[in-house]
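Okay, so subunit A shows up in both of these, paired with subunit B first and subunit C after.
Coming up: the complex of A and B.
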């Protein structure tokens, strides 16, 4: 599906943002790119739809080299949701905003109508269809940005820092959306340093530092390695910190649900769960 | 569009040119400009461009200085074409050597003119520019507006790039279609950019009010410009250069090829 081979990227100002990245992402995977600011997460995402072309190495999307395809044709396969949703709003209504990309991709007006309606409904935004995108709240703007991308139904949805500035409710909605997209067979790639959010999502984690991949594995394993996380300025999820500190009473450090951990503690204490 | 804005970006440096007092640098650029205007001869223009190139080499800004000159290419070509056309008609003959020579001299001179001030802008920080304006008794409010405009250019360039990326990810193809379609293609880029700029300026205004901007009538400054002996030496050299250029032009007309 996505093949990244020995990719190196140097920005025009000489900053080396990616330094030998090799990676394969299969169809239907949920992947989180984690790492501190400046680790190269966004740069890597921008390689997936050809906004940036590798200085060295190559990126293959469904076997197509990104250097040999237009951004528009790649974007049809890989939908990239930018961190700051406001960077893309310009239409007078939410409806038009979603229709813009579909018209760029040359869909029939009838198909455009159906898809816009579907995307707005999916993101629970249909009541704002005739309103300006600028009056939406932060969370709604984020959902609109996602609706815009989902409207053309890309195989891969890549989200850049989707949780920044979102409250708990919005995060939970976002989590549901990601899981739903995954059950539809889509590949979802999330860049984030929101440990708790990713811990709940439990994806495959790719840990990046200074333009390199330093770890690649399941969330359940990576989140147990405190040293590794600290080297990337990340802290383990709270549930891992808690279970690690309770290891001496026989509780296994893990990324379990708090409910299960509570039951385990209670059983160790010999008290029945209420 | 984004690269054009990035060309205005200042990069800090430590060369002897960077460290000169900005007023001296302003005088230097002005002296080069005036000298260029005084002479039409290609030899003198070449000399001035050579001096500017040497300054660019000393200040290690050669690459970006050349970029500025390249950027002016369309303008230079236009000036040459216009001159040539007008001269051809007034002389009544095309391909006349004098006409060609004079049009070339005019276009060539334009390069020297544009390059003179790029030396100043490439080696002066926005802060120094502000301090210079303050020394010239310009009210701080205007100085501040001017300096922040310069300082926000790189931020704007970055924002423009992000917006272009976001819209291209939505299938916007800027180089497709006829001229009208191309202009329409810029709407999705300009609207978010203007919205962001307005929002940013409100934020800046609020941040300034929080910090009591304009609360006291008389401002004092932490950093003030002071001329060092190096600056005076440079000043003397530039004055000598400009003085002789004026003298040679008006009182002792040299025969220059």
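Coming up: the complex of A and C.
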């Protein structure tokens, strides 16, 4: 589905942002790109819809080389939600904001109407259809940015740092949304350094540092590697730090749900004294 | 007047226990153009040297409250303002922001809005030059601020080539160089990676411990902050819902207020629901959790 072959990318100012990335992502996977600011996460995401073309190597989306396709045709397959997408709103209503790209793709007005309605409903924004996008709260703006992308139903949804500045309720909603998109068979790729959020999502993790991939595995494994995480300016999830310290009652380090850890502790301690 | 003298007067005043540094009475505020009140009848008092964490959903009024504490509201934001806010005895609505800024300094979410000079040193010195302080005092204050934030080696760098965490430290240094009594921080770690966030919070904790700076910080990442907090305030729809000891407040269910509690506290709550003799109070760190568990096992051994 997505095949990245020995990709290098050098920005016009000479900064090498990607330094030999090879990666395959299957249809229907949920993948988190993790690493410190400047590791190359956003640069890599921008290669998926052709916004950036590799300086060396190649990126294949469903077999199509991104250097031989237009951004418009790639965007139909890979919808990228920027970290500050809400800064780019320009329409006078929420409805128009979602309809804009659909019209650009050349859909008939009837199809545009149906798709806008569906996307706004899906993101719980239908009550704002006739309002200005600028009156929305931060969390609603994030949902609108996602609605715009979902309206044309891309196979791959890529989200750049979606949890920045979001409170826990909004994060839980985002989590549900990602799971829902995934059950529809879509591939979801999230770039993030929000360890606790990714710990809850439990995706495949691709750890990046200085333009390279330094680890690729399940969250349950990667998050147990404290040294590796620290080398990328990340910290282990708190539940891992806790279970790492509970060996004296026979509990092994793991990325478990807090409730399971509590149950394990209670069973190790036996019945409370009457 | 040099900074040392001001600290003396501050310490002398600090001994007066009855004087609150911040007094908020019946504060309400509605931004013009908005239908609803961003703050509704808020009452709050904070003593010198306290470390206060503000939490709650996005849009709950945290930022608006912080803006009221340094006079940005009502001076720069239009709207309906009622009630009184006093900082160090000054009523904010009756004193101009540049005077209030010397008592309550604010650090914003995005440090790029706060930094503009060609070097880090110049950025920190700028507000001091505006105050018309003598050269040697400015130099002394800049050194002091650089040292406290552990960024002396950055002095000649351009703020624009720094990492997010470094920028945020420079922004804090430029605020504390004014020697305010209160440091207000609005989600200062929101765009930082976890290790940089921890590093920044460690610096803020030191300012509180070493300099007795009063800290009021709004944040979503509570696991890094709560171990150091004297007080947790939870807001919802412009009102203060909880205000007190974080350990007591964490016994409640906080998700409805958009607050994520530290995972160790969550595990302890699940344990407590079955066996409440293990955690006498909700732990805020892994260390506290492990110690409580060991203590329980020791007591059990001795008892049985």
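One rule holds for everything that comes next: the second predicted complex is superposed on the first by the 271 of 274 C-alpha atoms of A that agree within 3 Å, B and C clash if a C-alpha of one lies under 4 Å from a C-alpha of the other, contacts with A are read in each partner's own complex, and residues count from 1 in each chain.
As a convention for this text, contacts are C-beta pairs under 8 Å (C-beta built on N, C-alpha and C of every residue); 3 or more make two chains touch, one makes a residue touch a chain.
This structure is a prediction, so every number in the text was calculated from the model and none was measured.
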Touched partner set for A:22, first subunit B, second subunit C, both or neither: neither
Contacts of A:55 with subunit B and subunit C, given as first, second, both or neither: neither
Touching partner for A:89 - first (subunit B), second (subunit C), both, neither: first
Contacts of A:184 with subunit B and subunit C, given as first, second, both or neither: neither
Which superposed partner A:267 touches (first subunit B, second subunit C, both, neither): neither
Intersection of the subunit A residues that touch subunit B with those that touch subunit C: none
Residues on subunit B engaged by subunit A in the complex (per definition of touch): 159, 162-163, 165-173, 187-188, 191-192, 195-196
In the complex, subunit A residues that touch subunit B: 46, 49, 51, 70-72, 75-76, 79-80, 82, 84, 86-90, 100-101, 104-105, 134, 148, 152
Contact set on subunit C toward subunit A in their complex: 56-59, 109, 163-164, 187, 190-196, 198, 220, 223, 255-256, 258-260, 262-264, 266-268, 270-271, 274-275, 277-278, 286, 289-290, 293-294, 296-297, 300, 303-304
Contacting residues of subunit A [partner subunit C, same complex]: 36-38, 137-139, 164-172, 193, 195-196, 230, 233-235, 237-239, 241-242, 245-246, 248-249, 258-259, 261-263, 265-266, 269, 272-273
